[in-house]
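Multiple structures follow.
What follows is chain A paired twice: with chain B in the first complex and chain C in the second.
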Partner chain A sequence: MATFGRQSIAIAGMNIRSIPQRLWMSLSTVVAIALVVAVLLSFLAMANGFRKAQASAGAADIAILMRDGASSEINSVASRDQAALVGEMTGVARAGGKPLISAELFVIVDGTSRSNGLRGNLPLRGITPTGIALRHGIRITEGRVFQPGTNELVVGRAVVREFVGFEVGKTLRLGQSTWTVVGVFEDGGTVRESELWADAGVVQSAFDRQNFFQTIRVRLTSPAALPALKAAVAADPRVQLLAQSEADYFAEQAKASGGLIQALGWPLAIIMAIGALAGALNTMYSSVATRGTEIATLRAIGFGGFPTFVGTLAEALFLSVVGGLVGVVAASLIFQGFSAKTLSANFTQVIFTFQVTPGLCVTALILATVVGLIGGFFPAIRAARLPIVGMLGDQ
Partner chain B sequence: MNHALLVTKNIGRRKLRTVLLLIAIFIAFLLFGALESFLQGFNAGQNSAAADRLVTVNKINFTVPLPISYVDRIRDLPGITHATSQSFFGGFYQDPKNFLLMFATDPQAYLQVYPKIVLPPEQRTAWLNDRRGIAVGRIVANKNHWKIGDHIPISSSIFSRADGSHSWDFNLDAIINLPEDSQRESVVLMHHKYFDETVTFARDTTSMIVFTTASPKLNDSIEKQVDAMFANSPYETSTDTAAAFNKAFVAQVGNIALIVTLVVSTAFAAILLIVGNTMVMAIRERTREIGVLKTLGFSGPVISAQILAESMLLALFGAALGLGTAWLALAATRRYLEALIPGVHMTGAILAAGLGWAIVLGLVTGAVPAWSGLRLRIVSALGRR
Partner chain C sequence: MSDFSFQLRKVSKRFVKGKETITIFDNLDLDIPAQDYVAIMGPSGSGKTTLLNVLGGIDQVTSGEVLFNGQRVDTLNEGQLSRWRAANVGFIFQFYNLMPVLTAAQNVELPLLLTKLGSKDRRRHVATALDLVGLGDRSKHYPREMSGGQQQRVAIARAIVSDPKVLLCDEPTGDLDRTTADEVLEILALLNREHSKTVIVVTHDPEAANHAKRTLHLNKGIFVERTKLA
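Coming up: the complex of A and B.
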């Protein structure tokens, strides 16, 4: 066994050191595998970025109440009366005797995309200072929050990045009213950074929806209080709403599109991997062919068939891992933090950034290794079975 | 000796290698064919929109309603031939995930704005006279196994009825067949009157107004005229061609064109390297033979032509396999695919572009070996092992 090991290492080393002699063929395999890995990793990073933007927006101690049957905020309706009833229910946290509740309006307005100059749907949320406080990670990075009762907007960081004219001080015309951007907020890259916020009452009158909201959010006394609130909501026939935790709501939103991107990425990568595999097999068969005399010589001086097999397999693995690493590095450099947007279930643009993680890199490298293993296996069998006499006599 | 025979013999001499190269080329063209067809489906709305059709929506956003009275005001402008309202209904059948592209509209006016829709006379009459009637695109009808005369309960994710329910009962009166316009084959159309009678809010409003002009040349001035007419009113408008409106909407889903371009060029770059290098190697292996052929009187250009023919044959055959498989796969899954993205199909233009790329691939991968075949001197060729 020890001899096998030593022989295998010797042949593997020899094969890898002689790769420069087969430079162009080897390089084509490395590049083909690198490209496949880069495509896979970019799709995975896109899906992951989208999922994180949604999933990390939700908190377990916030409940969101929507119309029974509404699957997203835009389709929900809630009235001021309903909000008042919910505020008195069990499980709702209070501060200074007042319930921590936020009835919010959600309307869609146009923005002009920087990347293509076309109009895109942006969510304008009518909200109150209490509502802002119900969101955990919000930080004003520039300017200030809107003054209640005025046509002032505070906008998410991602909106400023992707759409024209949302910098602090800029004005925006919506219908007959003119709005001024007074601040920019940040929320750790979540979907909230794709929103515009203004005073709920002002948005209601600007959009002619007095007394109507889309959703109601409340802070729970603890995440464990959710079932009690759900029961209280169900028990009151005047409140035709359904309560769920904000974390669950966003997880559900993330599933819809995040899954789709991933469902596209894998088949594409696997189909491309088959193409790269054909290339790898081709390279390795020709490597075995050009090394025929060398292999036969080694066999003649006492090297075994198995070490020859291992040596060839090692060469293929080496090429594929190098290709995989090149692909991972290239995709990370190009796509990490790449900003993109898509349409959410709310019918508005969700802006997110591609997120490459070590785990995704490992997944992509595994694909490269599988291509290398299969691409090396069959040529390695041929190498191990080369007839010694025939090869030496051939020249 | 026949040149073609030499070329095919050369291709067949290392069968495994040829098969592997064909697989690599096949994969690249399979991806090209399939992805370009998908892209075609995504862009169908902007490609199939008639040049004389315009869309007016609320300037704030197309989800913000406009007064229904705007339809008549627009129709009365000179240069405008027909106009109809079109309101999003947010309809779904059985499951909210089975979402329908459903609009409330004025049936008579709708058929004028989309004159290519030709309904059988009895279906047309039935739909126009039945307040609860719907006309349904062929793709939607197939997907949900609906047929003429069915009574179909449809729910709305936006509207509710005065009695608190979210479900409406409709009679399927007409089916729209219009293969050249997959969007029209994907809609469900209800009477605006029935909509107005039953919803609890948004009465006397519409989400968009679609109209036709006497000539596409008038489009620019009419767009400005319409928007100017409603400027400084509580409901300002934004008017665009239907093509531009569809383009902006599809762009919101994402930059699909960029993704397709990146994936396809990646696949092409990979095969270019694999096939190109293999061709160089294959010709190098044959150096002595080429020397012999030249000794026998084959000229340099003939040798080059044979090498180019070999790479070209490989590229074209692999491409034909890939494009053919993509076509078959799309045709086999058509029923399922068109319900997701109407208009997914491989057009003649995609096929032609694929074959064009195959010729480029054949030329590029054959160029270097053809050049060395041309230049090769007999003495050095025969001396090389």
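Coming up: the complex of A and C.
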């Protein structure tokens, strides 16, 4: 067994060191595999970034209540009376004797994209100072929060980055009213940074929503209080809402679009991988052919067929791993932090950044390795079975 | 144990090409004693190299028996043949067949990778073999940095480094000028004379044959002349 290992290492070493003799063909295989990895990684990073933007927005100690059957905020409706009833229920945290509750509107408005000049939907959230306080991690980075009762907006930093005319001090028309941007907030890159916030009462009035909202958010006394709140909501026929944790809500939102991105990415990467596989097979068959005399000489000396197989496979794996690493580095340099936007379940633009993680890199490298294994397997069999006689004198 | 390195008994080698069967040799008998130095000559296509390949266990006979030190080798499977070659046979080729990406020392070390020797012992054996062929100072040179004669001497060092009993040489001087060829032949004679190697040389070169103890002429599949040199 020890000699088997030495033989395999020796043959693999010779094969890899002789790659410069087949430079262009080997390089084309490396590039093809790098492209496969980069494309796959870009899709995975996109899906991951989208998922993180959504999922990290949700908190376990915040409950969101929506109309029974509503799959997203835009489909929901809730009244002020329902909000009052929920505020008195068990499990709702209180401060200064008042429930920590926020009834919110969700209205779609227009924005103009910086990148292509096209109009896109943006979510305008009618909110109260309590509603802002319910959200963990919100930080005003420029200007200030809107004054209640005024047509003032505070906007997410992703909106400022991706859409025209949302800088602090700018005025703009939303619906029938003119609004002034007074502040910019950040929320660690979550989906909230794609929103515009204004006073709930003013939004109700400006968009003729009378006394209705879309959702009700409450702070729970603890995440463990959610079942009690759910039971209380279900037991009161006047409420007619469903409660779920904000974390679960955003995770569900992320699953649909994130899954779709991945569902597109994998087939595309696999189709490209088949192309790269053809290149790898061609390169490796060529490698075996050009090293026929060397292989036959080693076999004549006494090297075994199986070490020859392993050594040839090692060359294919080497090329694929190099290609994979090139792809990972290229994708990381190009896509890490790359900003993109897509339509959410609320029919509004979600702005997010691509997130390349070590786990995704490993996934992409596994694909590269599979291409190398298959691309090297059949040429390696040919190498192991190469007839010694007839190849020894081929110079 | 037999005193013979090789014994061929009624050995035949035939190829089937389309509907035609080509006989390379038929019912060939041959005894090569241990420590013999044999030159096998003959016109192109006479079966010299095929015979050498059969002796080296890299080609199969169609019928007959091939014995090495009294043991059948024609019945060994591929794995057993590999191990038998590694232990008993050193090959020397016309075009040297060195690995271009390896240095002289690394080329010579290859057969030792099939043994249980540690790296220190392997280095020692490699140095001894290179010294024996006069290339102790070229161990770190690559084949492309050496002349044809030097490359063939590296190939000889590779063939002898694991101390095999037999050296099988296929046109070892075929790619060399006269002076260099003579140097190589001197080394082979030395290995036979002082290191007790059985040397079997297939050659077109009469000078190569002159260095052998005897010459076998193979023509149309039979030995037509056997010459014992003084």
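As a convention for this text, the second predicted complex is superposed on the first by the 390 of 395 C-alpha atoms of A that agree within 3 Å, B and C clash if a C-alpha of one lies under 4 Å from a C-alpha of the other, contacts with A are read in each partner's own complex, and residues count from 1 in each chain.
In this section, a residue touches a chain if its C-beta (ideal position, glycine included) is under 8 Å from a C-beta of that chain, and two chains touch if they have at least 3 such contacts.
The model shown is predicted, which means the values in this text are computed figures rather than measured ones.
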| item | value |
| --- | --- |
| Chain C versus chain B on the shared chain A, clash or fit after superposition | fit |
| Which of chain B and chain C A:234 touches, first, second, both or neither | neither |
| Touching partner for A:301 - first (chain B), second (chain C), both, neither | second |
| Chain A-centred angle between chain C and chain B, computed on Cα centres after superposition, in steps of 10 ° | 90 |
| Which of chain B and chain C A:17 touches, first, second, both or neither | second |
| Which of chain B and chain C A:95 touches, first, second, both or neither | neither |
| First, second, both or neither for A:293, with chain B first and chain C second | second |
| Which superposed partner A:366 touches (first chain B, second chain C, both, neither) | neither |
| Partner chain(s) touched by A:276 [first = chain B, second = chain C, both, neither] | first |
| First (chain B), second (chain C), both or neither touched by A:119 | first |
| Where chain B and chain C come nearest after superposition, their Cα distance in Å | 14 |
| Interface residues of chain A shared between complexes with chain B and chain C | 395 |
| Chain B-touching residues of chain A, taken from the complex the two chains share | 24-25, 27-29, 31-32, 35-36, 38-39, 42, 69-71, 74-75, 77, 107-110, 113, 115-116, 118-121, 174-176, 207, 240, 268, 271-272, 274-276, 278-279, 281-282, 285-286, 340-343, 347, 349, 395 |
| Chain C residues touching chain A - in the complex, by the definition given at the top | 49-50, 53, 56, 58-59, 78-79, 82-83, 85-87, 91, 93-95, 97, 99-102, 110-111, 113-116, 158, 170 |
| Touching residues on chain A, where the partner in the complex is chain C | 2-3, 6-7, 10, 14, 17-18, 21, 293-294, 297-305, 388-389, 392-393, 395 |
| Interface residues, chain B side, partner chain A - complex | 16-17, 20-21, 23-24, 26-28, 30-31, 58-61, 63-64, 90, 96, 155, 157-158, 160, 164, 166, 232, 234-236, 238, 247-248, 251-255, 262-263, 266-267, 269-271, 273-274, 276-278, 280-281, 385 |
